[in-house]
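Take this structure first; my questions come after.
Chain IDs A, B, C and D follow the sequence of writing; residue 1 opens each chain.
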Amino acid sequence: MIRFENVRKRYPAGREALRGVSFRLERGEMAFLTGPSGAGKSTLLKLVALIERPTRGTVLVASQNTARVPRRRIPQFRRQIGIVFQDHKLLHDRTVFDNVALPLMISSLRRRELRGRVRAALDQVGLLRYENQFPLSLSSGEQQRVGIARAVASRPQLVIADEPTGNLDPGLSLEIMRLFGRFNDVGTTVLIATHDLELISRMGYRRLYLEAGSMAGPAAVPG
Amino acid sequence: MDTIARYLSLHVENMTGAVVRVADRPLGSLMTILVIAIALAVPAGLRVMVDNARALSGTWQGAADFTVYLEMAVDDPAAEDLALQIRQRNDVERAELLDRSDALVEFRAYSGFGEALDLLAENPLPHAIIVRPAGTSADLDQLVEDLDALEETALVQLDTEWLERLRAILELARRVVDVTTVLLGLAVIVVIGNTIRLEIGNRREEIEIIKLVGGSDGYIRRPFLYLGLCYGVGAGILAALIIVLGLGLVASPARALMELYGSDYRLAGLSLADMAWLLGVGGFLGWAGAGIAVARHLREIEPS
Amino acid sequence: MDTIARYLSLHVENMTGAVVRVADRPLGSLMTILVIAIALAVPAGLRVMVDNARALSGTWQGAADFTVYLEMAVDDPAAEDLALQIRQRNDVERAELLDRSDALVEFRAYSGFGEALDLLAENPLPHAIIVRPAGTSADLDQLVEDLDALEETALVQLDTEWLERLRAILELARRVVDVTTVLLGLAVIVVIGNTIRLEIGNRREEIEIIKLVGGSDGYIRRPFLYLGLCYGVGAGILAALIIVLGLGLVASPARALMELYGSDYRLAGLSLADMAWLLGVGGFLGWAGAGIAVARHLREIEPS
Amino acid sequence: MIRFENVRKRYPAGREALRGVSFRLERGEMAFLTGPSGAGKSTLLKLVALIERPTRGTVLVASQNTARVPRRRIPQFRRQIGIVFQDHKLLHDRTVFDNVALPLMISSLRRRELRGRVRAALDQVGLLRYENQFPLSLSSGEQQRVGIARAVASRPQLVIADEPTGNLDPGLSLEIMRLFGRFNDVGTTVLIATHDLELISRMGYRRLYLEAGSMAGPAAVPG
């Protein structure tokens, strides 16, 4: 599903965030991406979502070489990925329901079906009772869960999440990670960047470890 | 079929979204609309005034009639004969003999020295023939030359000075209005473009997020275009209102002017066609300004 | 001392900050400035035109001289005597005898029927005295009445019709320009207010953050006021430029008009004082518009 | 330093975030505020910083009754508190240096002194080398540390922090918490909301536990 081949990313500022990363995530796999602050985890996820492009090397997502996706095809490309952002990225002037519905509206889903899917997604993160609230009136943990609901509402084949439990208490974190596990069980490929080492050690999925822009340890499976 | 229906429903949704957004911040949007309306109303209003002045100048004097004064020696039958002769020319639409005594009356009425002529000892005027030419101004020169060459003719007088002055004034006014129109038309586009630009800036986060979840450029662009359209059409309506009010304000000095000329000309207001024009132009400029702004600024916003 | 110095340095910092912000997004800011400049330039330019027309109308005819026609029977010495008598009145500034033969020449020159008069068999004109009144228009009525009552007087003619027409036209033009000025002055305030409002919206996050770390309202307000001032002053400068260019565009039909009147009047441009005015008005409106917008919208933004 | 007396907070939406909270934090004390997502931790901190006002009850901060601080005195009030926000709240068009300098500029500190203090604060969070970068070019952990540097640069007598280590790896989290400990050592009062139970159990400061808007357990010391 995801394949990195000797990927390097140097930001305009001159800092090198990734220095030759190669790995492979199979269709239907689920893995955690860990590493210290500034290691390049978010950068790696951004390359998958075509928010950034690699300086060198090849990134393949769902068998498409991202280098060959032109600007105007990016929206279509992104619609097959569900993304959970570190800083939630919710629209503050739309209700929780409308936020979760956004990707479905963009895909012009029929109203009836849209409604069902949005409510199902909200239910899964335990926020159905807040569907008519605005994000600003939610605690940050609640906002984070709205972001997760939005990412999965369109039932994408690939979900990537950047520290989806950074603002959650341990109990809720475990629950959310299990939710991702359930998506994985029904065939979704999942890649999660997280700092919560204790939590993931309990869950036993594959771990990718990044440090200073390089993949280290047994996790690195050269493409 | 289904796709088209969905596409249409998307459009309707965007349109209502734009209207809702305008209505949502009534004061801010009203301010924007007001500025655009003023920028539309000023040139349109000035144009209405100049058009009025032109129509009025038309009622003051017909075509460029001119007068052929005959020698004092030419008597009545000879004069009538000559008038008939002139009337039969191709380049003459009408030719009328003005009898010496009639001429004095006419002279009194138009010269502005009317009462002063009462002091004259005797009628000092010769017969005159008033000619209305039929052709172009090039033909006119030839006609004047021909008539001047007749032996009965004492003088051919083209009394077009006053008309020419008026035309020159109106020409000048028209030029001023043209400059104003171009400037303010530009202002409308810039105001709308600017408003949409800042609106885009205000919605930067929203745009980023929509791009992140896979919204296409078209999807993002549409509400802004509708917003521009709403601004433009709203401004067109308001502009019509402003012009009606503005004409009301200048109506009284205009009437005073009419009275000076003894004219019963009534100031023409804004016709329904003019209003439709204003709406159309407003809507078009709104859409265009928004389009320019969106094209320029939407690409700049990329999620990071 | 130190506090004042710090306060001043804070101000300077804000001012340069505003200028930097204007210069930072050259196109967007230039657009805003352009709109304001146009809104300033149009009424100012129209005003210059109307002022020109007024000055011009002044050169066309002096004060409201009028003519006293004497009976045909009054001979040269009696006429001269009468002129002297009139000249000595308090409400008369000047009184000049126009000799019968001189009068014919004068009549020819001004009546517009000049050449037609060559056809007259003999001089039909009586002596005339041209009187320039000294007092107000109320005095004038009395004066005319007195002179009309003299037994030598055949007719008193006030030839002010043309001047009155012109004044009426100019009065109308002035009224139109006034309406335009009010509308566009309003537009300037609204444009600046609107721009600052959207600018505030764009900086919502920044404002929230500054409030969170303890920035006072004054601290937040200041850069916006300077920004408004910069827009206004910049627009004033640009407006002066636009007027100069616009006058250039209407100069040629204006010259044509002058020639028609045989006048060597030269179109007056924008004086240095006018330019200073434009800058001042622009700066003031900019500051005021920003102040209004800031007062309205800054309170709305509270961190949450 | 902070005293809550039977404080209730009901948001306009009708939800009750705090239902009668009383506690006391002495001058020079340091404490952790914990509890599940949506328990009211952020709300409590907002009441301290006068970002929200209580519906009922009294909040005293540095011996001032916050109910008696009028709107126009709020800026002055806030200047005595250093606040670390859950979502960083950095200005993206200013450099890291300028961000940290912001509270000092607002207090019209002299240029020389300002420079020294900002660089000292950046040094403490290990980001001195990034002083001329813009926040967007930093990883989220780095941004979070910039926020911490800004909060302490003006050497406030009270520092409150809302999940300051949510985006940091365990190692860095410990380091940052130790940094707060050092501020506390020199007399600063510190109150930190956090989910990182494992971490704080290792540090042994006082713990305040919130659940569903009420303070529970031995931490609650009635005023």
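Everything that follows uses one rule, which is that a residue touches a chain if its C-beta (ideal position, glycine included) is under 8 Å from a C-beta of that chain, and two chains touch if they have at least 3 such contacts.
Note that the structure is a prediction, hence the values are computed from the model and not measured.
Path length between chain B and chain D in the chain contact graph, taken as the least number of steps between touching chains: 2.
Between chain A and chain D the centroid-to-centroid distance comes to 29 Å (mean Cα coordinates, whole Å). Centre-to-centre, using mean CA coordinates, chain C is 62 Å away from chain D. Note: centroid distance chain A to chain B, computed from Cα atoms, is 62 Å.
With centres set at the average Cα position, the gap from chain A to chain C is 67 Å. Those residues of chain C in touch with two or more other chains are numbered 304. Taken residue by residue, chain D touches two or more other chains at no position, since every residue touches fewer. Contact topology of the protein chains: cyclic, one closed ring where each chain has exactly two touching partners. Shown are all chain pairs that touch, namely A-B, A-D, B-C, C-D.
Contact residues of chain D toward chain C in the complex are 49, 51-52, 72, 74-79, 83, 85, 89-91, 93, 102-103, 106-108, 110, 150. Within the complex, the chain B residues that touch chain A are 6-7, 10, 205-206, 208-217, 219, 302-304. Residues 11, 13, 15, 34-39, 41-42, 86-87, 133, 137-142, 163, 166-173, 195, 197-198 of chain D are the ones touching chain A in the complex.
The touching residues of chain B, counted against chain C in their complex, run 28, 31-32, 34-35, 38-39, 41-42, 45-46, 49, 67, 69, 72, 107, 111-113, 115-116, 118-122, 124-126, 154-155, 157, 159, 161-162, 164-165, 168-169, 171-172, 175-176, 179-180, 183-184, 186-187, 190-191, 193-195, 197-199, 201-202, 204, 242, 246, 249-250, 253-254, 256-257, 260-261.
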